[in-house]
């Protein structure tokens, strides 16, 4: 939405191109849906967002739902801008949601309405205790599989978003959609509740499969809605406009 | 529908281009479905419609279903034409539907037939008490999730439309459809009952994602059915014809 | 179907272009499905069909299912060819089906097989009592929502069609299909039973949304099957061939 | 299937073009699925097939499922080649299947396995008693709605086909598919059991809606598989090749 | 799969073009899915495969599921290469599966797990007793309708394939897919289990409907994967490459 | 994900082109989804991966779910690089999962949650006992049919992946998708959990059906995402870039 000079405070993602697109970063305390199909670089972007925050002194939390966080760590160690001490100092925290489920006794395949509230409270308390300012849930789709009904999914995202926003924490919810899907989310409700939507996609060009990024919506700031090509490099994520010069896509 | 000189009274939206398209505004007391996918600017347009009414002295009500109205207010404060005193004076009222659900004891996931009537009555009474002339429900899709069957959705929209029309109140029901969907509504019945349909969409042009607006139907007035490009600016919503001059889209 | 000189009697719709397409009008006593998505002008065409009949002295009945008939009347008053005295004199009758449901005690969400028969009898009796020669049900889709199974829908349309045909009454059943759908009906069975199908559609041309009309089928007469552009004017519905001269569509 | 000189006996349809396509007509005793969407001329073609048979002295039976046979008769009277005496003499018989259902006490919405056998027997007995050589069921799709499961539909068509084939009767089963569908049948099993498939379709060309006919499969004869344009005239059905000369379609 | 000189023994289909495509024929004891929509020539090809085997002294069995085998025989008698004595001598055997169902007491609409085993055993015993070397089931899709769950379909095809392979019998399972479908099978599991897939299709070219054949997969041999045009002639099936010379398809 | 010099250890597939694409091979202990429709060469590639490992002294296990492993062996014997002694020496082990199901008493059509754990443990124990370093499950889709719910599929793949990763075993899960599908998996969840996705496809070019390979995602290494043409030869799998030089695809 267009805005006067009295802009909301920003949470710079650390990905230079993305911060430019967003006129300085994500409006602080927004809940953003980072969505796309497999292999589009969602986890890499989310990690860079957290590492960048931790390097600037903001406590950051990665809530892993499908992947083992140890394995995840092994994969990001080679990043040039990554510093293991961030994890040791507690600036960058990894937690496996299945472990949290177990601790809360949520062993059934489907969570009930009260368990949704318990889960939101547990994440909120952890975020408050650790003074978390940046949070990633990878993936929200996996959580949705345990919620099942659109009512509970709406409820969970709304309440979690409100709780984190109250803590002034900026969040990225990683969404998974099937390959070649044009939808923004798997359950169709995640997108309507989020404050912002960053869409990552695979696009074939002359036999190559390019990664692209596009900000569809972001409450509280002006932003470009153009499509960018995303490059994963040892220095982190790079963004280039989809159409450089006058060439045809 | 085409009309003689004895035109129905108009409710100017305040968005200059849209009022021109509608030959002066929405026919007063119509219920309009404002529909589109995420990030197409539905909430911005609906808010401008209410603010404009409030500035002209018409009491306006925003019924928020998915988003916290406090957060919403924070996001519109920077609008150049927004004046905080409108809220203080009670000209512009924000209310969270979940709060109303709770007050009415509607805690179950699905509302029954009698609860539909209760909900309509509650909104009607509030609108009457506050002498509301413009009302927005954002989003009607979220309400539909609690109604579930097409029978109850038809019933709710028909009865609410009739009640608000009797109060001479002009309404916008914000509808959400999935990205790239060509449908006018999520449940397929909302569109058939509304007096008008304003369709907002995302259209890709050379790697950029443009917002467009098109009036599909509006009972009680002639109107353009052409597609317009919508621009969100600090001065509010701007409309430009999709095809300026003879260029190809 | 092609015919000899001994043509069936015609019921002129009053829309000049359409009567030309149909070689003089709808074969009297036919049941026609008038189908299309929202905003394609179905209700306007159906109303003009009834008003024209009333002006020629044929009693005409509009059975409103979703819209309040009072509101409907308010919207057609500005029509240049409309004359309020038609309603006062009883030549043009409006009735709300929900009122009839209530009178018949049909309050459940789904009608049973016997209720289908009762409903057909009630409409038939009313049509006979008022000596109705033209009848519109707007929309048959809404009625179908109360019938639910294809068996009951087939039964209802077959029996109603037979009953009205016996009264020598010509009928239009207004059908709603989703936007951009290529289907002729929502439940897929309405189209197979009707004597005729008039398809109304929205077609985009250079950013404008044109209304089109096409007669797909009409038992008992030869007819054009070409697509026409439909224009709603204060003088009523106008039809222009889709392709004038040699230009490309 | 390709054949030697010892060709099977033919049942000429009387539609000159179609008989040419089929190298003389439908192989006698075949069961043919005549399928297409609304308004493609299926009933007209099926009637012409029966009338032609009756004129040649072969007793012909039209089993009407959805339409009243009286109304049907009224519509074909103007055909130039139709002779009312055919009906009076019993050469051309019309029967309404709903009447037969009632006589057999098949009043439930879904027929059971034993009722399928009863229905086949009843049609067979009637065909035998009247010495029927050509039979049309319009539509088989409506019958399928009462059978519901693919098992019962397969069973019904197989047994009916066998029974009629034993009587040396050639049959056309009229199938309905949704508009723009590319399927050969509504339930997907009718097509696999029939001895032949004649596909009728609507095709848009420059704003006009042409009817086309194509023989997809015909056991027991060679045949063209090209698409033809079908014209309904007072003299009956005319066929013209889709592409005359070298012009582009 | 590519192979060394020590090639597996081949079962020549007798269709010259197909044997060339397969570098000599189907690897002996393979189970091949012969799949396509109605009218693509599947049964003709399967019959030619059996007749050719019988002529070479290999006992061949046609298991008919939907069509009466008597009628089938009547249709192939005109084939120039067909010799009635093959049937009399027992070299070419036709059997109706419904008859076998009855003998085994499998009268229910859905077969249970144990009945699957019984059916496999019955077919196996018959094949062993008659020393069958080539077997066709027309169609496997009809059998699947009685199995219903993907578990039982997998089970049936796996066990049948293993049993026939142990008898050194080469089999063709005829599969039916809907018109214009791009799937290889109706239930989606048949294709994954078969040793080979031969896809037959209808392709429209300039208003004509051509039959095409393509070998998608064949375990145990190298093969062409190009598309061929299939012609049904009195001399049997002929294959021509889809693109002769350099012309465009 | 992009990486520093401290690369993870690689497991060379032995397919030269694929190892180049992956900058040396699959990161050791990754679980890779090898997915594609029928006849795209998945099994051939998976076998070459195992044979290559066995030749280098790494114990390799092929878990066959749908095909009999004896038959499979018969088909690979002609491979030029295959050496029967690998099987005799126990370097290359084939095991049929149905046999394992039986041994574990898992005879029901659907496995329960505890049986998922038992199955993972059984595979893990076998892999540990035989000191397996490379494992293929062909196909994981067949296993999913026994798991049915997405919850159990996620659970199975996550736990199995973790167990095999702990044994430093690199795995390929063969996935089946329908022909022409653009999805990466049949159940939609396999792809989100795997560490890598290798997509194999059929692509038609001028009437020929080419096999293609594309690495969509691979955690722990940089890799090309271009599409390659795959050729099955007696010397094994060959890869060629989809677009050689500047020609158009």
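First chain written, first letter: the chains are A, B, C, D, E and F, and each begins at residue 1.
Rule of thumb we're sticking to: a residue touches a chain if its C-beta (ideal position, glycine included) is under 8 Å from a C-beta of that chain, and two chains touch if they have at least 3 such contacts.
What you see is a predicted model; the values in this text were computed from it and never measured.
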Any chain that touches subunit F and subunit B: A
Co-neighbours of subunit F and subunit E - touch as defined: none
Same-site or different-site touching of subunit D by its copy subunit E, using the half cut: different
Averaged-CA centre spacing for the pair subunit D and subunit B, given as whole angstrom: 52
Distance from subunit F to subunit A - Cα centre to Cα centre, in angstrom: 30
Centre distance in Å when subunit A and subunit D are each reduced to the mean of their C-alpha atoms: 60
Subunit D to subunit C touching residues, read off their complex: 37-39, 43-44, 66-68, 71, 74-80, 109, 139, 141-142, 145-146, 176, 178-180, 202, 204, 206-210, 232-236
Subunit C - residues contacting subunit D, complex: 1-8, 113, 149-151, 154, 158, 162, 165, 182-184, 188-189, 191-193, 195, 197, 214, 216-217, 219-220, 222, 225-227, 241-243, 249
